[in-house]
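Have a look at these structures, which come just after this line.
Paired with chain B in one complex and with chain C in the other, chain A is shared by the two complexes that follow.
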Partner chain A sequence: MDIKVGIPRALLYYNFYPAWKVFFNELGAKVILSQKTNKKIVDDGVLNTVDEACLPVKVFFGHVINLKDRGVDYIFVPRIVSVEKRRYLCAKFLGLPDLIRASIRDIPPIIDMEIDLYRGYNRNVDREIDRVGMIFTKDMRKIRKAKEAAIIAQNNYEKHLKSGLIPREAIRIMEGAKVVKAPDSGLLKIGLLGHNYNIMDEYINMDIIKKINDFGGTVITADMLKESDIEYGASCYPKDMFWTYGREMLGAGRYMLDSGIVDGVVIVTAFGCGPDSLIKEMVEKEYKRRNTIPILSLTIDEHTGEAGIITRLEAFMDLLRWKEVV
Partner chain B sequence: MKAYLGVDVGSVSTDIALIDEDGEVIDSVYLRTQGQPIKAVQEGMKQIGERIGKNVTICGAGTTGSGRQLAGLIVGADIIKNEITAHAVAATHIVPDVQTILEIGGQDSKIIILRKGIVTDFAMNTVCAAGTGSFLDQQAYRLDIPIEEFGDIALKSTTAVRIAGRCTVFAESDMIHKQQLGYSIADIINGLCEALVRNYLNNIGKGKEILEPILFQGGVAANKGIKAAFERALGKKVIVPKYHGVMGAIGSALLAKEAVEKKGSTDFKGFEVSEMKFETNGFDCDGCANMCEVVEFIQSGIVLARWGDKCNKWTNSIYDKGNTLKRA
Partner chain C sequence: MRLTYPHMGNLGIILKALFEGLGGDVIVPPPITERTLSLGVQYSPEFACLPLKINVGNFIEALEMGADTILMLGGVGPCRFGYYGQVQREILKDLGYNPKMVIVEPPQGRFKDFLRDLASLFPGLTVGKVVDAVKLAWEKMAYLDQMERALLVFRAHEAYRGAVTNKYNEYRDYIDESKDPKEVKALGLKVIEEMRSLTVPPVEEPLRIAVVGEIYFLIEPFPSQDIFKELNELGVEVDKTEYISDYVLSNIFPWKLNRIKKEARPYLNRVIGGHAVNTIGNTREFADKGYDGIIQIFPFTCTPEIVAQGILSRMSKDLDIPIMSLSYDENTGQVGYQTRIEAFVDLLLRRREMGSAHI
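Moving on to the complex of A and B:
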């Protein structure tokens, strides 16, 4: 029987799932994904997480609990320190496996693969991947093949995102489904800034992308921009932003402002997020100073009342249209 | 005479305005919602319906405010719009070159920045309702002063008393503390007005360029103490329009006029709605783990609409059957 590895559909799932899935599949394991975020997952997460954690971390906990009862042999909770040279992620990713172990009882063993590319892809990275691979096989060739396949899958995935797909569409295409993008002519172009786990989780953001579409807009995210565009935006600031996703948000925000490729920008942050509290202010400040492209800031938290988001978004879209007419 | 109806259902008040073809206000009603939006809308419709003459025909209706969906179903709205847009539309109609709108309602407060008649920026209070109308209401009740007299009393103040305005819970304990120290009621109320304005400008007005003409609207604009505190804090003149309390409803009526011109006809059900039987019924959907709280809206025994479900299974179950009311 195949070994079953559970992957929580939360946090960096939106950034790396295709690579993770292929890696475990190549090693002969079956991947079980937690369900889409729902009320129970959020409730379970909130109940079992330390109080001061941010909403996305609480949601991650809920997904782990969701997998706990699904008969998986392992749960994949990577310790992601850094995903590119000279830059880090928020400290919560670094401590995630420990947080999970300390807070949730009776869970299947955790695969806490350490991903640390701060010094680039070196021997230590390889050794860590091999360590995880050996849980499944003793065949080193098989592990190397899995590694290579994962990198190819990740590159493909990122190519799909750059072409204008959002993660759920890209993942469906990679799993063989056909996704037809509706033509977006005549729609307002909305730059949607925020961590993927905030802007792509339909439940916690009350399906903001669908709402923007319903109000006659189409979204452009940081993932869809060229790396050189983000680099341009980020380099407008005197100090290098050392958080990978913070830099992405800052760079994308600045690029959208300078290039004018969007009609308006919506920035989504989770209540209580440390890095975002800073990045959001930095992005907003420049938009307010120039006063050329309108920006709307939305804060998400555990509350489920949609009225607040609908009111602000609808008024924002009205504002953009009003501008267009004159 | 042709007229257009606007209904604004807020957390604290329900307002109805009737405008003529030139956008002039014919009549308006300001009622307390008192937690029963359906009843409030029906009562308002009844009052307006009785007051207007036979020669007035309603050619369009619009709704706004946090209860806009519900109100839209009751009256048969041609347009259902958020309150930010409605307020901006009404303000530019009354003062075309308005550059700033300060709006304080029952449970939300907002600032709208306009330049050359176009909304360029807006902000709404986020998680905190400190410094909105319902807090003033609560304090008026505690001090046993009618809310209508609050502002006049504040103007009698001679000494400034500083009240912490960040949070209503702390503001209240601060007020009690000052009152036990022997400060006069007028000074304390004035201190409260200043605290509210300070909090508003710090919280919602943060980073916004507040230029004249400045319009102050919403229920709280009736409070002269707050208006004076705004003028002191900004060092600028603040205009309170005549119909400040029903601006959302006026904006909504103006939007209805525009919508009907485009559409050609109205869905307005008539003033009889004040006699109809409307109910809402809630249930938990057990279709999936989301367990959405679904609300049904029932008119004389027929379910007109359902909402609250994430997957739209219940919402669409009604809209598909020829009901054309769309969510705006």
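Moving on to the complex of A and C:
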């Protein structure tokens, strides 16, 4: 029987799922994905984490519990320290397996693969991948093949994202479904800034992308921008931003402002998010100084009411239209 | 050039000695007060952590006094402290101040670079001047730390409320004014004896609590509403795990951290930014030393400490030691926390009685 590896549909799932899935499949394991975020998952997460953790972490805990109840052999909780040279991720990713182990009892063994590219892709990274591969097979050739397939899958996935698809569409295409990109429904282009686990989880953000579409807007995210555009935006600030996704947000925000490719920007952050508290400030400050493109800032937590988001989004879209007329 | 820097406990005294010795014109920001806090809160991002807000308050008050250059530390993450300076510069710019901000990126073991950065601020430096200034600052740091260590123990048994605190404050001012390392040493040793003479020996063996957590909160008493004093006045001897010299030394000699990292390993496998690994490692160490309880203090929304908090609740069970986590923001009401601290101390006392009943 195949070994079943559970992957929580939360946090960096939206950024790396295709690679993870291919990696484990190539090693002969079956991948079980947790259900889409729902009320029970959020409630379970809230109950089992410290109060002050941010919503995405709580949701992640909920997904781990969801997997535990579905009888998987392992749960994949990677310790992702860094995904590119000289930049980190938020501190919570660095301690995630430790936090899970300390907080949830009786769960299947955790695969805590450490991904640390801070000093570039080196022997340590390979060694760590081999260590994880050895759980499934003794055949080193198979592990190497799995690794290569994962990298190819990831590159494909990112290509899909750059072409303007959002993660759930891209993932479906890679799983073989046909996705027809809906024609642009509106004239308004909305830059949507935020971590993927905030803007792509339809449950916790009340499906903000669909709402923007319904109000007659198309969404542009940082993933859809060229790396050179983000680099341009990020280099407008004197100090290199040392969080990968923080830099993406900062750079995309600045690029959208300078290039004027969008009519308005919506920035979504989780309540109490450490890195975003500073990045949002830097992005917003520049928008306020220039006063050319309107920006709406939404904070989400486990209590977010749908009506509040709708009202503010609707008002914002009205404002953009009004601005065009004047 | 009129130089200023943010407050952090007694660090202001030490930096003043250093920079004045180097020939700088130093403006020490006024002591942190409610006004500092409300200025900082007003102009800082809502979810930024309390240290950033207090820093901003310090800067504004120092700029009002005529400072024109701000010295700030930087960093390369993953703690957001590394980006403080950048955000603070933008905040001050929007307020119409335009100070020169010197952001010293962490030396990471290259103390020479740090000194070179500093030297560019002080024209006309000589080696002799540097040696004298560093010597004086070093001596002040060493003895202020020793004084504080003694304060946190003796204040628990002071003869009358305020006796030891007043003595400590009095001598801290003397040390601040002193220009002679030998005098600093003499003052430091003398005040410890004087503080001792103001105590009455406790009837029973006193409770001992270690305070762990985020570095700014451990060194600067203001944001935690001086939890150290609060505990002392309940008759509890306190040890905090981080003093200024620990902070400075672990920045110059990174391997000083290795022992702590090893202690933390079963629970937290690596440095995750901020002082989370210190919190975990120190908790384990102080539990082994037989302390009665541990209190973790940190600013609201501090990610590394939140991770640590989650792990601490597990350690509390494993190591059989009560641990309480307190996070503070600018709205923290004093009474609520006082109640919790008193309840925690009561719990420790009760626990001790129950323990002795079993024997």
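The definition used in the following text is that the second predicted complex is superposed on the first by the 323 of 326 C-alpha atoms of A that agree within 3 Å, B and C clash if a C-alpha of one lies under 4 Å from a C-alpha of the other, contacts with A are read in each partner's own complex, and residues count from 1 in each chain.
Definition applied: a contact is a pair of C-beta atoms (placed from the backbone, for glycine too) under 8 Å apart; a residue touches a chain by one contact, two chains touch by 3 or more.
Quantities reported herein were computed from a predicted structural model and do not represent experimental measurements.
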> After lining up the shared chain so the two structures overlap, which partner does A:V50 touch, if you call chain B first and chain C second: first, second, both or neither?
Replying inline: second
> Given the touch rule stated above, what does A:N25 touch, chain B (first), chain C (second), both, or neither?
Replying inline: neither
> After lining up the shared chain so the two structures overlap, which partner does A:P275 touch, if you call chain B first and chain C second: first, second, both or neither?
Replying inline: second
> Which partner does A:E314 contact after superposing on A: first (chain B), second (chain C), both, neither?
Replying inline: first
> First (chain B), second (chain C), both or neither: which does A:R79 touch?
Replying inline: second
>> Touch test for A:T137: chain B only (first), chain C only (second), both, or neither?
In response: neither
> Of chain B and chain C, which one touches more of chain A's residues?
Replying inline: C
> In the superposed arrangement, what residues of chain A touch both chain B and chain C?
Replying inline: 271, 285
> Where on chain C is chain A touching in the complex?
Replying inline: 45-49, 74, 76-80, 82-87, 90-91, 94, 103, 267-274, 276, 300-304, 306-311, 313-315, 325, 327
>> Which residues of chain B touch chain A once you look at their complex with the stated criterion?
In response: 66, 81-85, 116-122, 124, 126-127, 207, 288-292, 310, 327-328
>> Under the stated contact criterion, what part of chain A meets chain C in this complex?
In response: 49-50, 52-54, 79, 81, 86-92, 94-95, 97-99, 101-103, 237-239, 241-243, 271-278, 280-282, 285, 289
> Which chain A residues qualify as touching chain B in the complex?
Replying inline: 35, 38-41, 203, 207, 214, 271, 284-285, 288, 291, 294, 299, 301, 307, 310-312, 314-316, 318-319, 322-323, 326
